[in-house]
Amino acid sequence: MIRMRRVTKIYKGNVYALEDVTLDIEKGEFVFLVGPSGSGKTTFIKLLIKEEEPTSGQIYIADTNINQLRKWKVPYLRRKIGCVFQDFKLLPHKTVFQNVAYAMEVTGKSRRLIEQQVPEVLKLVGLGHKLDAFPDELSGGEQQRVAIARAFINRPPILLADEPTGNVDPSLGEGIVRLLEKINSTGTTVIVATHDKNIVDAFRKRVIALENGRIIRDQDRGVYGYE
Amino acid sequence: MIRMRRVTKIYKGNVYALEDVTLDIEKGEFVFLVGPSGSGKTTFIKLLIKEEEPTSGQIYIADTNINQLRKWKVPYLRRKIGCVFQDFKLLPHKTVFQNVAYAMEVTGKSRRLIEQQVPEVLKLVGLGHKLDAFPDELSGGEQQRVAIARAFINRPPILLADEPTGNVDPSLGEGIVRLLEKINSTGTTVIVATHDKNIVDAFRKRVIALENGRIIRDQDRGVYGYE
Amino acid sequence: MNRVKYFAAETWASLRKNIILAVAAIAVVAVSLGILGLVVMGWNMFTNMIKNAERKVGEVDLYLTDLTTTEELKAIEAFLASIPEVDAATIYFKSKDEALQEFKERFKDQPELWEYIDENPLPNSYELMTKDPKDVGVVVNRIKNDAPHPERIEDIKSASSAIEKLENIFDKFRQIGIVAVVALAVIAILLVSVTIQVAIFARRREIGIMKLVGATNWFIRWPFVIEGVFEGTVGSLVAILVVLSVKVWILDRLVESLQFLRLSFSAGLLAVLVPCILLGGVVIGALGSAYALGRFLEV
Amino acid sequence: MNRVKYFAAETWASLRKNIILAVAAIAVVAVSLGILGLVVMGWNMFTNMIKNAERKVGEVDLYLTDLTTTEELKAIEAFLASIPEVDAATIYFKSKDEALQEFKERFKDQPELWEYIDENPLPNSYELMTKDPKDVGVVVNRIKNDAPHPERIEDIKSASSAIEKLENIFDKFRQIGIVAVVALAVIAILLVSVTIQVAIFARRREIGIMKLVGATNWFIRWPFVIEGVFEGTVGSLVAILVVLSVKVWILDRLVESLQFLRLSFSAGLLAVLVPCILLGGVVIGALGSAYALGRFLEV
């Protein structure tokens, strides 16, 4: 599903955010991406949705080389990848409902479908009662859950989640990862970047550990491994 | 230092974010504020810096009733309280250096002092090499540490930190709390809102637990207490 | 000192960041003040034309009833010739028929106006010129008070009524001018204010953050005030450039080519206009930012 | 359908959110198109004035050398009277002395011009009017080709040279008009574009987010295009209102009061001007947003 070949990303100022990363992630896998702050996890995700271009190396998603993707095709790539951003990236002038609905509108879904599915999914993340609130009016954890709802409303084949439990209490965080696991069990490939030792250790999935932009460990049924 | 008397905050839509909260926090204390997502931790902090007004009840800081504080005095209140915001609130068009320097400029500190102290403090949080980066060019954890540096650059008598370890790996998170502890040991009152069970359990400080806006537990040398 | 440097740096940064906005504000101020300057110059030109026209006209017409006898006519004509201010050589008797002829000539394109007239409704009249156009009023008064057979004099029309007409028009122009100038100034202030509001609006999150880290209101306000005044000033400089070029390249040439209209500029017009535009720019900038700040920067 | 509804809702939301911006854009378009309309109307008024002036003038002056004998004069006068297009009654011989007298009278304020003349430098001349002003050219040609004693004719001045002068001025006006109209249109486009740019700028984070959740470029663009066109259209409607009121309340009254200038509007001017302003607004809005989108919405 996802193949990276010798991918290096150098930001201006000679920052090596990713260096010589090669890996394969198969369809239907569940992967934890761990590593200390600044090790390149968010960069990894940005490369997959073509928010950033790799400095060198090749990235294939469903056998398409996304480096060579035409500009106008990028939106269609992004529709196949649901993404929970570390800073949520909610539209500040839209309500919770509209924020989630937007991801469906973009793909031309009918109003009827939108009005039926959005509240359903929001209920799933525990926000059924906040449909008409604006992001400013939500607690940090609530915003994070809106971002999660938006990411999988279109049932994308790939789901990327950057720190999806960073702003919620441990029990809710576990609930969220359980939800991601459920989504994964329907065939969706899920990649979760996280710092949450407890969760990584509890779920025992494949763990890819980054440090200074390099993969230092790639382990099935792994643990967090930092102290 | 901080006294709350029957403080209630009701947001529009009849959301009880805080309900009948009464507590005292003495000068030099170190307090963890815990509770599930949406329990009112951020609201608690917003009330202390007068970003929101309580619906009812009194709040005293250093024996001043801040409800009755004149408008033009609010900035001077805020200068006495360093605050790490859950969403960082960095100025996007200023560099890391300028972001931290701004908090000093506001109080009329001299350029020489600023140029000496800002890099020092940034080194302390491990960002000595990112002085000229813009917030957009930082990882989530790096942004969080800039916010921490800005909060205590002016050595305020009170330091509030909302989820200061939400975006960093466990070891760095512990480092940050250790830093807060060091600041606390110089006499600063520190309040940390957090979800991080490991850290709360490790440091054994006073724990105030909120649920649905009510204080359900207030314990010296407490633990996180949720699972 | 430190403060001043800080504000200057802050303003400059904001201007550079929002360069689009700044250019827009400057363009709007320039357009408004430019139009203002052009209106004032055009108005001045027109005023001078009217004044020149006033100075040329010295005609008095005296309408007589049809009952006037030849003797009475003679007496009146003699009286007119005896008025010292009247240029006796110009006294001219225009008969009813001549008047009708002239009327028909003038409205030959609209024959319906006179085709069906059987009886000539126009009066006999005397036309005369004063020696000096200024004396029209004096002459009219003398005729009114001292003319023989006043009952035969139906009406006196003088250049002073023409002057009055011109002055009415001139007054109307002045009113239009004042209204236009005030309206434009208000538009300019509103537009500068709008651009400052937009600048505030674009940075409202930033401003919110600044307040949260303890910036006082004035610490936040000053850069915007300076920005507004700076934009107003630059805008007025552009307007001055435009006004001067229009004057040199267009209006001066117009004055030259249309000499028969006796257009001209008052001496010292520019010496007043240029500083006024500059001041206008500063005031517009200051008022614009003040209004914007008042509406949008309350805590 | 769903799309159309979505875009309309999105545009409306953006307009309401950025109401300040929208009002600014509309005001700018209104001012620009309003000025444009006023320039066109003023231009039209002036053109008609010049045309009316042209139609009135039909004078030809014939300057003779001092050597011309009385016989030759007679022959020339007879020839002039024989030209069918000439109104024989108007042929008038103006002697050197008369010309000098007139000259002195005309420049009586500047005696230095004539005080020290010992010999009269002015020529004898014939003045005449054509029956129809249009025939001035024909008459001048006939005199040039067929007049007796052509060696005595020093110069022919005709109204056609006056008309040429007027036409030159008129041409200059037309050029100024075209330049002004083009300049204003460009300013209007730039200012609409600036406001759309600002709208984009104010929402650049939002746009970034939209792209990240898979919105195509056109999905993001349409609301801005619609916003620009909407603003242009509303602005042009305001301009039309302004232009119509200025016409009814000011210009029509001016035409009435300044009848002696023979000002007038061409029939059907408004029937052309109003749709043109409307179209102009739409085009300005479209070009403005297109330019802004081209510059600022590339992926």
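Order as written gives the chain letters A, B, C and D; numbering starts at 1 within each chain.
Criterion: contacts are C-beta pairs under 8 Å (C-beta built on N, C-alpha and C of every residue); 3 or more make two chains touch, one makes a residue touch a chain.
Not measured: the values here are computed from a predicted model.
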### Task
Report the chain whose mean Cα position is at the greatest distance from that of subunit B.
D
### Query
Which chain pair shows the largest tally of C-beta contacts?
A-B
### Task
Could you grab the centroid distance between subunit A and subunit D? Build each centroid from C-alpha atoms only and quote it in angstrom.
64
### Query
Distance from the CA centroid of subunit B to that of subunit D, rounded to the nearest Å?
68
### Summary
Per the C-alpha means, the centres of subunit C and subunit D lie apart by a whole-Å value of 20
#### Entry: Arrangement of touching chains [line / ring / star / complete / other]
ring
#### Entry: Chain-chain contacts as defined at top
A-B, A-D, B-C, C-D
### Task
Could you pull out which subunit C residues touch subunit D in their complex?
18, 20-21, 23-24, 27-28, 31, 35, 165, 168-169, 172, 176, 187, 190-191, 194-195, 197-198, 201-202, 250, 253-254, 257-258
### Task
Spell out the part of subunit A that touches subunit D in their complex, as residue ranges.
49, 51, 71-72, 74-76, 78-79, 83, 85, 89-93, 102-103, 105-108, 110-111, 150
### Complex contact set, residues of subunit D against subunit A
2-3, 5-6, 13, 17, 206, 208-217, 219, 299
### Query
In the complex of these two chains, what residues of subunit B are touching subunit A?
11-13, 34-38, 41-42, 86-87, 132-133, 137, 139-142, 145, 162-163, 166-173, 195, 197-198, 224, 226-227
